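Two complexes come next, and they have one chain in common, chain A, joined by chain B in the first and chain C in the second.
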Partner chain A sequence: MAKRTIEPLLWLLFSAGGVASAMLIPALALLFGVAFPLGWLSPPSHEHLLAVVLHPLTRLVLFFLFMLSMFHSAHRFRFTLYDGLQIKHLNEVVNLLCYGGAVVGSVLGAYLLWQIG
Partner chain B sequence: MNDRITMQVARYLPEGDAELSYQEYEVPYPREWVVLDGLNYIKDRLDGSLSYRWSCRMGICGSCGMTVNGEPKLTCATFLADYAPGPVRIEPLQNFPVIRDLVVDTGDFMRKLTSVKPWLIREEEKPLSEGEHLQTPAELDQYKQYSMCINCMLCCAACPVYGLDSEFVGPAAIALAQRYNLDGRDQGSKLRLDVLSDHEGIWGCTFVGECSKVCPENVDPAGAIQRYKLTAAMDSLKSFLMPWRGS
Partner chain C sequence: MYTNYHPRWHRKPMSTYWWLERRSYLAFILREVSSVFIAWLVVFLMLLVRAVGRGDASYQQFLDWSARPLLVVLNIVSLSFVVFHAITWFNLAPKAMVVYVRQRPVPGHLIAASNYLAWAVASGLVAWLVLGG
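Take a look at the complex of A and B:
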C-alpha cells in the first residue's frame, strides 16, 4: 500500500468542480446576467424564484455548486502559485490558504443559503 | 540546389563552456531534406566536431529529438524547407542536462521510465502448455495507442512541470504505465499505482497538454494521465470509504 495521501480526493473535488461550474455557471450567468436584464426572456416573478430556491433540493444543488467551484479554483490557484511563483517550498502555507479559503467560502455559502427565506 | 539556409546550432563543451553558444552554418535545403540531413551535412562537410544523436532517420528510434526554433521536434521528421528563408535554430531538448552540443543526459528519464515497471507483470505465469494469452482486437485497442511511444522524450521536453519539478515522473512514463495497465495480460496495476499515485507521480500534472501536442506518434500522454488520475482517485476513494477491503 502506498502512503495514503489526500491528493486524489483533492483532485476529485477539483475535477467535479470543473465539470459542475463549466456546465451550470455559464447557464446561470446567461440567464440572470444577460437574458433577464436585457429582456430577452421574461424573468420569473420574485415569489416564484424564492419558492424554487427555498426547495431543499435547489439549496443542495446550489451548495454543491458553490463548494465544488471553490475547491476547483483553490486547486487551480495552488498549482498556479507553485509553478508561476515557484513557491513550492511554502507548500503548507499555500495549501492552508487555498483549501482553507475554499472551506471558509463553502461555509459562508451554506450560511447564506440557509439565511434565505 | 544553390539555395542555402542558415542553421544556428547550439554548441557546448562541458570542459570549457559555461553556457551554450551558437554557431552558424550555411547548408543546402533541397525539398526532401530534413533538419537531420542539415546536421549530417555540417558534420560531414563543415565541422566534424558537432555532436548529436541519431540512428534510424525514419521516426522509429526516437534518438534525434532536438529543439527546432523553440519547439521539440524529431529532426528526422522536420523539413528544412518549412523554415525557409531561415535562419533555423537547433538546440538540445529542453528540461534535460546537456552533455555536449545537442546531446542531452537521458539518465533521469530512463530512471523514471523503469520506476513504473513497464513490462507485463503476472501474479502467476501460465505454463507454456496452456498456450498463448489471446486478445481480441477490442482488447488490443485499449492500450495500442500507448504502445506506439518511441521514447523520444519530446513530451518531457515540452512539459513545463517536468522542467520545474525534478521529481515529476513525466508524461512518457505515465503513458507507458497505462500501456501495461490497460493490457488484459497484465496484473501489475496495483504495483504501478504505488509509484504513480504519490504526489509527484501523476498529481503534479496540471494538464497543460503540450505533451500530446508535440508527440510525433500521437500517443496522447495528456489523455493517459487524465484517465489514470480518475482511476487512481476512484481507487483511493474506495480504500478511503471501505478501508476494510484493504489492498
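Take a look at the complex of A and C:
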C-alpha cells in the first residue's frame, strides 16, 4: 500500500485558499488599502463596521478567508523557494516555517474574531 | 551512488535565475511571489479587524496609519499581485474542473465566465457590506 502523506490535504487547502483569496481579497484590499487612504471614498463609520464584523456569518467567512488564504500562501511560498530559488536542502525548515506560520496565523485570526464583542 | 567504477549521473546544472529566461517563466514566478503579498494583505485585514474590535479611537488610528505613503504604495503593489493571482486563477479554472451537463463537457470559457461572474458578485457584496448597504 502506498505511504499515506499529508500532501493531498495541503493541495486541497492551497486550492480552497486560492479561490477564497481571489474572490474576496481584491475588493477588501481596494477599499481599505487604496480607496479609503487616498480619499476616493469616505471610510464607513466605526459603528457600522463593528456591526458588520459582529455578525456571526461575517466572522465565519473572515475566519475561513484568513485561514485558507494563509495555507494557500504558505504552500505557494514553499514552492517558490523550492523551484524559484532552488532551496532544496532545507525542506524540513522551510515546511515548518511556512505551514507553522499558517497554523499560528489561523489561531491568531480565530482568537481575534472570537474576542470581539 | 558514486563509486570508482560507476559513472557519475549527468545532471544539467540550472541557474538560480532560470525564470528570467522566458516571459512565461517570469509570469510563473510572479504568480508564485503573489503568495507573499496575499500573506501581507491577510495580516493587514487582521489588524483592521483588531482595530475595529478595540473601539472607535483604534479604528481612526488604523485609518491614519493605512494612509501613510509607504503603506499605500505597498498596498497598491499587493493589490496588483492579488488581482494577477485572481485572473490567472480563474483563467485556469476550466483546466482544473471539467463539468459535464447531460454527458457533454461544459465549454471552458463558460466555466471561466462563471468564475468571473462569481468574483463580480462577491466583490459587489463586500463593497455593499462595507460601504453601508
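Basically, the second predicted complex is superposed on the first by the 103 of 117 C-alpha atoms of A that agree within 3 Å, B and C clash if a C-alpha of one lies under 4 Å from a C-alpha of the other, contacts with A are read in each partner's own complex, and residues count from 1 in each chain.
In this section, a residue touches a chain if its C-beta (ideal position, glycine included) is under 8 Å from a C-beta of that chain, and two chains touch if they have at least 3 such contacts.
Just so we're clear, the structure is a prediction, and the values are computed from it rather than from any experiment.
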Checklist entry - Looking at chain A, which partner touches more of its residues: chain C or chain B? => result C
Next on the checklist: With both complexes overlaid on chain A, does A:Phe32 touch chain B (first), chain C (second), both or neither?
Outcome noted: second
Checklist entry - Regarding the shared-chain residue A:Tyr99, is it in contact with chain B (first), chain C (second), both, or neither? => result neither
Checklist entry - Where does A:Ser15 make contact in the superposed view: on chain B (first), on chain C (second), on both, or on neither? => result both
Checklist entry - Once the shared chain is lined up, is A:Asp83 touching chain B (first), chain C (second), both, or neither of them? => result both
Checklist entry - Which partner does A:Phe71 contact after superposing on A: first (chain B), second (chain C), both, neither? => result neither
Next on the checklist: Output check: A:Thr5 vs chain B and chain C. Expected answer is one of first, second, both, neither. What do you get?
Outcome noted: first
Checklist entry - Where on chain A do the contacts from chain B and from chain C line up? => result 15, 79, 83, 86
Checklist outcome for this item: Within their complex, chain A touches chain B through residues 1-5, 7-9, 11-12, 15, 79, 82-83, 86, 88
Checklist entry - Where on chain A is chain C touching in the complex? => result 15, 18-19, 21-34, 36-38, 41, 43-50, 52-53, 58, 62, 65-66, 69-70, 72-77, 79-80, 83-86, 105, 108-109, 112-113, 115-117
Checklist entry - Which residues of chain B touch chain A in the complex? => result 160-161, 164-165, 193-195, 197-199, 203, 206, 229-230, 232-233, 235-237, 239-240, 246-247
Item to check | Contact set on chain C toward chain A in their complex | outcome: 14, 16, 19, 29, 32-36, 38-39, 41-46, 48-50, 52-53, 55-56, 59-60, 63, 66-67, 71-72, 75-76, 78-79, 82-83, 85-86, 89-90, 96, 118-119, 122-123, 126-127, 129-132
